Every structure is written in structure tokens, then in C-alpha cells.
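Alright, structures below, take your time with them.
Here chain A shows up in two complexes: once beside chain B, once beside chain C.
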Partner chain A sequence: MTNFDAPETPGGRSRTRVVVGHLTLALLGLACVFPIYWLYATSLRRPNDVYEVSPLPWPLSVDSYRTAIDEVDVLRLLLNTTVVAVLTALGQLLTSLLAAYAFAAWNFPLKRVLYLAFVGSWLVPFQVAMLPNYVLLHQLGLLNTLSGVIVPNIVSGLGVLLLRQHLDSFPKELLEAARMDGRSSWSTLWMVVVPNLRAALAALGILLLVNAWNEYFWPALVLQRHNDVLQLGIRSFMSATEGDDWGPLTATAGLACLPIFIIYLLLQRHVVSGFVRSGLR
Partner chain B sequence: MSGMFVEVAPPTLPAPIVAPAAAGGRGRTARRLARRLGRGVVPYLYLVPALGMLIVWIYRPLVETANYSFYSWNLSPTQPATPVGWHNYHRLFTLPELGGSVWRTLLMIIGLLPFTIVIPVVVGLLSREVRGRARSIYQALIFLPFLVAPVASAAVWQWLLSPRTGAVNRATGSSVNWFHERWPALIAITGITGWHVLGFAVVVVAAGLASINGDYAEAASVDGASRWQITRWLTLPLLSPTLVFLVLATALLFAPQWTFPLIDTLTQGGPVDATTNVYYLLWEYGIQSFDAGLASAAGVVFFLGFGLVAAVLLWISERVTIHDD
Partner chain C sequence: MSRITVENVTRRYGDVRAVDGVSLDVAHGDFLVLLGPSGCGKSTLLRMIAGLVSPSDGRVLVDGNDVTEAPARDRDLAMVFQSYALYPHLTVERNIGFPLRARKQRKADIRRRVAEVADILDLGALLDRRPRALSGGQRQRVALGRALVRDPGAFLMDEPLSNLDAQLRTATRTEITELHRRLGRTFVYVTHDQVEAMTMATSVAVLNRGRLEQLGTPTEVYDTPASAFVAGFLGSPPMNLLDAEIVSRDGRLHAVAEGVDVPLGLDHPSHEGEQVRRPAILGVRPEHLSLRPAADAGPAPEAGGVPNGSAPNGSAPNGGAPNGGAPAATLRGSVRSIENLGSEEIAHCRVGAAEVAVRARRPAGFTVGEAVVLTVRPEHTHLFDRESGRRLVWQPDRDPQVPAARVPVAT
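Coming up: the complex of A and B.
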């Protein structure tokens, strides 16, 4: 407590600042987390207690979850969403890896133009390309199917960008040595490049998985007749009950977020740095 | 890009693989030529999956959209499309919705800036002294909303902002009917989007601040500069690349991607268009009214406008950014 706000001593000054810093971050953290806490708190109250405002939901009850599972078939939606998100992320990872390998390992005509085609792909917003894609999906018979959500998404400009950056800093001697050994480029990719790229692939994979899980546009466009994934299941719940059935609604939304939160809990540092690094480039 | 190792740099465009049909007699040279050409094709083979998807699902539809915009068509396979020239564009610019939605998009972007610039910078400056494990725990909490699915957050915010029973109105004693009054609805959509992206911006600003070399500040403080002077004339200018990036992300990524699901689930653009931004307008034109011509004309205009805005912002950002060399 000595010198707490005596500005002359550098130690004291910086301690005030440390306290202010902790307070600021703690308050902001609480404010950010409160809605998520409230989501789970509401979902765990007894149906008659839903309108309570006590900060702790007590006594606990899983009735809302039971209703959600019975009424919206949350478990099937969870399964569907998992399939869609995992296949989408894996597909994006694979196409990105192959493309990034081409850009990093060879010089070829039109290389710059083709690379720009990937970089510039975000300039075409979803809504602009929406109608022709809708027509094509109709022609392919993929409307209202899960494949219709997955197939158009198996490319990621961001994935190509990030993996190329990693591959550009990959020691060229290793690739050269593999070539000298008479390895084909295909076996070099899988035996030399991929094992050394594991961390980057994992980080990108998580990022793509979270994005695919939370994706709304494509499911909303493709699955108009059935609400086959979680994001649409919540939406149909919201409109069907005129948003009054708060217990089951928050239970559904809570379950929809849970897998991502678990991944986050296990791999926190990688998730944050994955997103931030992708943004900084 | 210069120090790239090169396996083969064919002098000409790699021709399509020619089957070495007449390879019998003039054997070796022909085969070697074929192999050379074959190897030139290799990088393209690796590119084919990603590039194919890119063309089929992004660039082809862009061209098709431009084409649709000159037709009148209701998307039905049995109904033929009739060419109407520039009529759809004429309609688009005489309808009142376009101007209003552009204006509301702008309001949403401006409303997001406190969340993506002001709060992260203030918090970043105030908390520079917090390090280590404590810092990463705080950041983990602040980042959490960025991972919440927009529809899930629509559900919880509908509950929090529910007029009579919601926690917000009960805590503040207000009786605002958030999603059914014009300005409150716009504010709510913007605020919820801000809540989502705030954590991302806080982490990015913190990383930017951490990467600033401390020697400058020390030298300035030896020269007698006050803390505020150092912040104003050293730290903030050196942070400008980060801030410019965040402005770009707000206008070009966050506003389009995060507002749309919220609008679609919470207000459907209402009340009376109060939350219809350009992204939602395009959706309405295309998917709800099945007016392919008008929707495509709007898409083309929007694509050009979006590209122009992006180019101008990138150009400005090149000028105002101060680099620490």
C-alpha cells in the first residue's frame, strides 16, 4: 500500500496503472460474457422460473433441454451441422493446400493473375452471386440437400492465402532434396510438406471449422424447405413460437454454441491467434 | 516472390497434353518433349480443384448476374426470360429503397466504429501494463462473442431485449420495444454486431500495441514528453496500420457478414425498412420477390460500388498509414 498514488515513484505509478488495467479488462470481459452467461442461465432454469432475474439459476433443471430435443430434434440438427461443418472445412483445407502448393513450388505463366483471383474473391459478396448459384444448384438437384450446402463452399481464398504464406517460408532445400531423391511432387507434398505444416494446417482447420459451423447464408439459401442445420433450426424456433418459449429457445441456442466453445476451451490460444493472424495479413 | 525455387519454367504457355501417338519411330525427342509439356502442366493440376470451384461458384455467377440484369425473369424454369435492356436499372434507380438502404448501411458502419476502434484503443491503452496469464484470460473472455453463431446471439438478444420481461428493460426501467421501433431496431442490430466483433478488435489492437518498439517512448520521456504527448504523437501514429486495417474490416467484412443473419432473424428488415441495409435489400429482391432482373441489376450496381469503396479505402489507407521503419 505504500506509495500507492505518489506520482514521483515510478513503481507506485505503474501499480496504479496495473490496477486500472485489470479493472478495465475485467469489466469489459464481464460485459462481453454476460449475454452468453444469461443464455445458459435461462436454459437451465425450471420452466416456471424462466422470468426470474436472479443471477444464479437455482434450482437447476434440464427440462428446457428435454423440450428442445423433443420439439426441434436438436440432436439430428447437431449431427447434420457437424457433418456439414467438418466436410466443408476438410474440403476447403484440401483445395487450399493443393493450390497453395502450386503457388509456392512453381513458377508458371499467369501465376500472378490466378493468385489475384483468389485474393479478390472476397470482393464478390454472397448476395451478388446468389441467384445464378441458386439456379445451378436447382439444375444439379442439390436444393434442399446438405450436399448443396457443402459443395459450393469447398474453396477458401483465405485458406489459399494463409497456406501460401506458410509455404513461402518453408525451407526450399527440403523440397529440392526431395526432388533430388526422385520423389514425385505428389509424394513430396504428403511426405515432406504436410508433416512440416501440421501446426499451420491445424490452426487454419479450426478457423474454417468455426466459420463453417456458424455459416448462415448458404444454409438459408439452399435449405429453404427443411431447416436441417442448427442455425436454421434456431431461426424456425424463433419464428414459430413468436419468441416466447425462452427456455427451449435458449437451450437450442446454447447447444448450437457448445461444440465451438469446447474447441475454444481446449485450444484457446490457437483459435485466437488463428483468427487474429488471418486478419492481420 | 523472387526467391522461389523453380522446378520447370516453360517458356511458352503449357499446351494441353498431347498424346504421343506417333511416338514409335522418332521416339526419344518426342517423348522428352511430351514429358516437358507434361511437367509444365503439373502446377495447373494442383490448382484445378480450388480454381474450378472459384470459377463455378464465384466468377461464373458474377458474369451471369450481369447477364440476368438485362432480362425480366421470375427464376422459374418454365418461364422464359425476356430481354428488357436497361429497364431493370431504370427501375432500380427510381425505386426509393436503394438510397435508403445505402444510407442505413453507412449508419451501421459508423455505429460499429466505436466497437472496432474507440473501445479497443481506449482499453488497449489503459491495460498495457497487464501481462501474462491474467491478460490472456481476460482476452479469452472478451473474444468469446466472436465465436457465437449469429443466430444463437439473435436468440439470446431477442430474450435480453424483450420489451416487458427482458433483462435489459427490467434493469434500466425502460419500455422500449427494441425490434419494433425504427431507431431502437437500428441501434439494436448495430449494437449486437458490435458485441460480436469487439473482442476481435480488442485482441488485434493489443497485438498492435505490443509490437510497437518501446525505445521511442522511452527516448521521448527522457526528452520530457508527458504520457499523453507520447500517446498522441507516438503510439497512435505507430498504431495507424492496425487502425486502418480495422476500419477496412468494419466496412468490408463485419458490416456485410455479421449484420445479415441478425436482420434476417430479428427484424426481417423492418419495422418499415428501418433495418434494411444493402445486403438485406439484395436478399429481399432476389429470394423473396423472385424478381431476378431487378435483383441482378442491384447486384451489379452493388458489386461496382463495393469495389469502388474498397479501392478508395485501400488507396487512402496506403496514404495515411505510418510505417515504423
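Coming up: the complex of A and C.
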């Protein structure tokens, strides 16, 4: 009987495999989503209910958000964080693009060594560069400024690495055609390379933006006197003496997550296609 | 107006010489084809002319001006790439207009010029499409259009037809020839396809391992190949090349090998006991051989067994004084296989240790394994030096007192 209806193809055995696979993935997905859900659930409970463990926050309350906005200037922090993250990501994108273009389009002495140095900078742990950077910022008088947060992060080894991979597979004949057609290297970059690299740039841009947005340690080090970015604003609800104020803390954290969610939802297609393609090419 | 001169140009990559001391002079309006197998340096040479690769040695001149160090955009040359290199993000119209925009021309002028070019190449209906929505042939025409739009002094083309199917290739070949005739511009065209070279070129430069083997009209390179390489590269099937020895017998020169005895039609008044022996390569085109069954071979027949009625090339491959009255040469062997090409047949025969292809009109009426005699007229034989591969030309002796000098001399 089995000879007829159960060949060793998508039949019985592989169906259980599919079910088990999906169950595993669903569990993993839940494990990922749960903390975020719990963050928002807690932020929407009434201030007295924050230690409740009922899965649904009921009755709903926005008191925590109100407290958060009253106590720290969330809007200003949001703006500052946006400025820092966007400028850092754009700066990294630009420097990565220029460096990767140079590495991919020209041969010059010490090219390999320089490239290794670029990539090596990505492998150096943050803690190693932290102190020299801090001292330099102090000498430049940039401590406690947003510029101090941005400037040392304006180059990303990872960005150079990823964009060079993309540019290496970029057809060299297109660059040569642009040269024959009378374009300079600079205008070839903007007229030919960038328009054809949009997916990769979008994907990398989002990656860099999320990284910059989530940065906590470096801003905490540079902005010691005031909590000028959102991630540090969260800190003000943590107190050794009175305990942590979970309601406004989760509310601020929830707000801090929103812009990234929105960006991801809007550009999801670009992000996925950019990374998938970078793997396939 | 562009005359392109290449003077002793060399390009080294590490220890490898991709192009090795090549000199060329392409007159205005010429259609020069750089022909050779892959890796022979023809594309590198074209890129050096274009300004995309700089030579390690030598000079490139356009209209007498040294442009060796000049950037590509200052050379007034346009290039069509093998992959077409169309900008994927731009429409056909913007692709064609790209070189003009780079030169900051007025928008109205660009639009007018693009329309003109689109008209010439029949691209009018496709102007709003992007390259990925075009067929191979259409892309090829857009690439041509982008070169045409600037009205450059010369066109450089790097195997522009190699990505097209056979039918389209033939059609586009004719179009490019027509374009060349109409524009009267200089064309430098790289290909490994000898049919393209023979049909399109006004002159052909055959390259091998970075060196220029021969420069001449298509007829010259085909009829009087300057080296065994050129002889073995041109023609389909190419010239049969057999190792042979030149000997003098009964006062005349013969090329002999196993199964081969080819009178060269050259007098060599032999002195008592003298024997000239010189190793050489004997070359015969498949269409200059005629096949006969070995049974009725008998003594060597009268000359004139040219198959297909194809005109003998008329040149005197042995340079000096071919003796028209010489008997036809004979090669003895057996048929190994027969290829039917529709209009004709190619018989592959074994002669001694060598394989010899013979072109014959259908039906030739031979069977595999049959013993055959191949004949060729002396003036249709070619001789090459075994060492250098260069063509051997008979030079009449200036001083008849020195008989030993009466051997073919390498050019």
C-alpha cells in the first residue's frame, strides 16, 4: 500500500519534519517577540500595576508615557537621537562609499595593506579605541556635545567591507564606458555607480542607522553631564536609592524603538533584497 | 577625422607581455580588424588606443598628436563594449544621450541628436525602455547609438557581435559595414571571428601572444599568410600544415614528407651530387586540394585539379618564379571522416602522420577508409620556416657562383 501512496517524496515523513520545523521557528519567533511585547505591555499598565504578570495589560493607561514626557524632554531627546543616528549613518555611508569605490575601481600601491587596515579597524574592540578617542575629544573640547558622539564614529570598517564586496561585482565595463563617454571619476560615482547600488546602499544605511540609534555606551561616555539622547534619558528612571521606575522607563524605551520599527516597515523590501542579493551575487 | 597610429606599444602585467612591441597605422576611414585567438592581446591593444589602459612602453597617436598620457575622454574616440555596458538605471534615450550630457550640451540639442541617432538605428520606438527590457540585438544597437551620438573621430569596438545569435550576427555585420561606409570614419574592431574580419575589414592585423603576426588586407592575410600561425588561424577549416623537407631532385625543388611529394615549381640546377635539404612546414588550403581515388592515380596528373572551380588566388605564394608547367603535387593517404556542410563536404584524410582537410563539392563520392590521392597546384602551396614559423619566399640567387645559397630564405 505504501508503495502506491507514499513515495519518499513530500509524503508522510517530510510532513512531520515540516511541522516540527515550523513549530521550532514559531517558538523562536515568540521568544524574540515576547520581550518587546512585555515592554509595551508594561508601559501601558497603570502605574500601580507595573509588577502585574497578567499577559494582557488591562485596564490600559498612558500614565507612564505622561510621566516620561513630563520628567524627561522626550521630544528633544528624540530629535537629538535622530540627528546623531542619521548623521552618523550618513557619514559612515559616505566614507564607506568613497573608500570602497577607490578600492574597487583603482589599483594603487599598498592597496591590500590599506584595505586590511580598514577592515582591521572593524575588528579592533571598541574598548581599545575608547580611551584615545575620549582623550582626543577632551583636547578638542568636544566632550558633552553631540558632535563628540558623532565625529569619532564617522567611518565604519564594516561599511567599507560590505560596499567593496558589492562594488567588486559591479561591471567594470560600465565604469570604462562612463570614462569613454567623458565622465570624471567623481561624476561616474554619482551618475553611474550610486544609482545602480541603491539596494545595497539602502540595506547598509539601515544597518548603520539602527546601530547608531542603539548606541548606548559611547554617548554615555561623551555626554556625562546631561542625558541628551533617548538612550540616556532611559537611564534617568533608574535609581539606586528609590529603585527603578519601570512604568516611564518602559514607556521611554517603547518610544525609542518606534522610529526604527517604522523605518523597517517602510524599507523592509529594500533591506531584505539588499542583503539577499549581497549573498547571491 | 582620425588617423590612429600605434608605435611600438607594449603592455606588461608582471612578467607577462600582453601586448609586445606592436606598431600599427590606421589611416582615416580605414576599418581595421584586430584578429586573434583569445588572450592574444587584441582587447588590451584596443584599450590602450581607447585610453582605458596605459601602455608600459610606446606611443599612441591620434591625428599625429601624442595621446599616450591623455585621458580617454580627450581622445575623441567612442567605444562599443562586448557586454554593451549600457547604464541599467537609464532609459534608452538617456543612455544614448549620456555622452552629450557629460559634455554639458544644451538639452534641446541633445534631444535632437538622440532622435537623429535613434532614427538611423531604428530605435525610435524603444526610447523609453530600460536596457533590461531590450533584446540582445536591441541592446547592441543602443550601444552603437551611444557611440554614434557624439560623432567621434573613430569608433573602437570590442567584439560587439559576440553575444548575438548567428542570424542576428550576420545581419548586424552588414549593418556595421554599411555604417562604416556611410560615416566614412575610422573603425578599429576587435574580434576572434575570422568571418567578421574577412567580411568587414579593409585591413586585418593578426595578433598572436601579444605580437603582430601580419598586417594586410583580408585577401593578403588569407592568400599569402606571413606565418604558419596566420595560415593555421584563418580559414575554416584552416590551412593544412605538414612538416616537410625541401629537397632538390632532378634539378627542381620538392617538398617531401611521408606520403607527400610536392614539386614546388622552382628550378634548382643541381650540381653533381648536391642535395639541398631544409626542414620546413608545407601549407595547403583545403579548397586547393582535389581528391581522387588512389586506384586511378598512376603518375601525377596534369595540374589544374582545382575543385569547386574556385578561382586560384593568383598570387605567387612561393614568391619568385613559380613554374606554371610543374606537375601537380601529390599527397597519398586515406579518408578518415567526412563532414557534410550542406553545400559542400569536408573530407579529413590521413597523410603520413598528419591530418589533412579537403574541401570538395557534394557529393564527393568517397567513403571512410578509402585510399585517396590529393593533388594541388604548386602555386597553391605555401612554405613556412619550421623554427620561426615565418613564410619562406624564394629569392633568386644574386651570385650564381655560390650554389649553396639557392635555398629558400626566411623573410
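Brief remarks follow.
The working rule: the second predicted complex is superposed on the first by the 249 of 281 C-alpha atoms of A that agree within 3 Å, B and C clash if a C-alpha of one lies under 4 Å from a C-alpha of the other, contacts with A are read in each partner's own complex, and residues count from 1 in each chain.
Convention: a residue touches a chain if its C-beta (ideal position, glycine included) is under 8 Å from a C-beta of that chain, and two chains touch if they have at least 3 such contacts.
Treat the numbers as computed from the prediction; the structure is a model and nothing was measured.
In the superposition on chain A, A:Ile260 makes contact with chain B only, while chain C stays out of contact range. By the touch criterion stated above, A:Arg225 is placed in contact with neither chain B nor chain C. Once chain A of one complex is fitted onto chain A of the other, the partner contacts of A:Arg183 are limited to chain C, with no touch recorded for chain B. In the superposition on chain A, A:Leu174 contacts chain C only, with no contact to chain B. When the two structures are aligned on the shared chain, A:Asn196 is found in touch with chain C, with no touch to chain B. Contacts of A:Asn214 after superposition: chain B is touched, whereas chain C is not reached.
Put chain B and chain C next to each other and count what each touches on chain A; the higher total goes to B. In the superposition on chain A, the residues of chain A contacting both chain B and chain C are 176, 179. On chain C, the positions that touch chain A within their shared complex are 47, 50-52, 71-73, 77-79, 81-83, 85, 87-89, 98-99, 102-103, 146, 150. Residues 171, 173-174, 176-183, 187, 192, 195-196 of chain A are the ones that touch chain C when the two sit in their complex. Interface residues of chain B, counted against chain A in their complex, comprise 1, 3-10, 12-14, 40, 42-44, 46-47, 49-51, 53-54, 56-62, 64-65, 68, 75, 77, 119, 123, 126-130, 134-136, 138-160, 162, 165, 167, 170, 195, 198-200, 202-204, 207, 245, 249, 252-253, 256, 260-261, 264-265, 279, 282-283, 286-287, 292, 295-296, 299-300, 302-303, 306-307, 310. The touching residues of chain A, when paired with chain B in their complex, are 14, 17-18, 20-22, 24-26, 28-30, 32-33, 35-36, 38-39, 42, 51, 53, 94-96, 98-99, 101-109, 111, 114, 117-118, 121-125, 127-136, 138, 152-155, 157, 160, 168, 172, 175-176, 179, 185, 210, 213-214, 216-217, 220-221, 230-232, 234-235, 237-238, 243, 246, 249-250, 252-254, 256-257, 260-261, 264, 268-269, 271-272, 275-276, 279-280.
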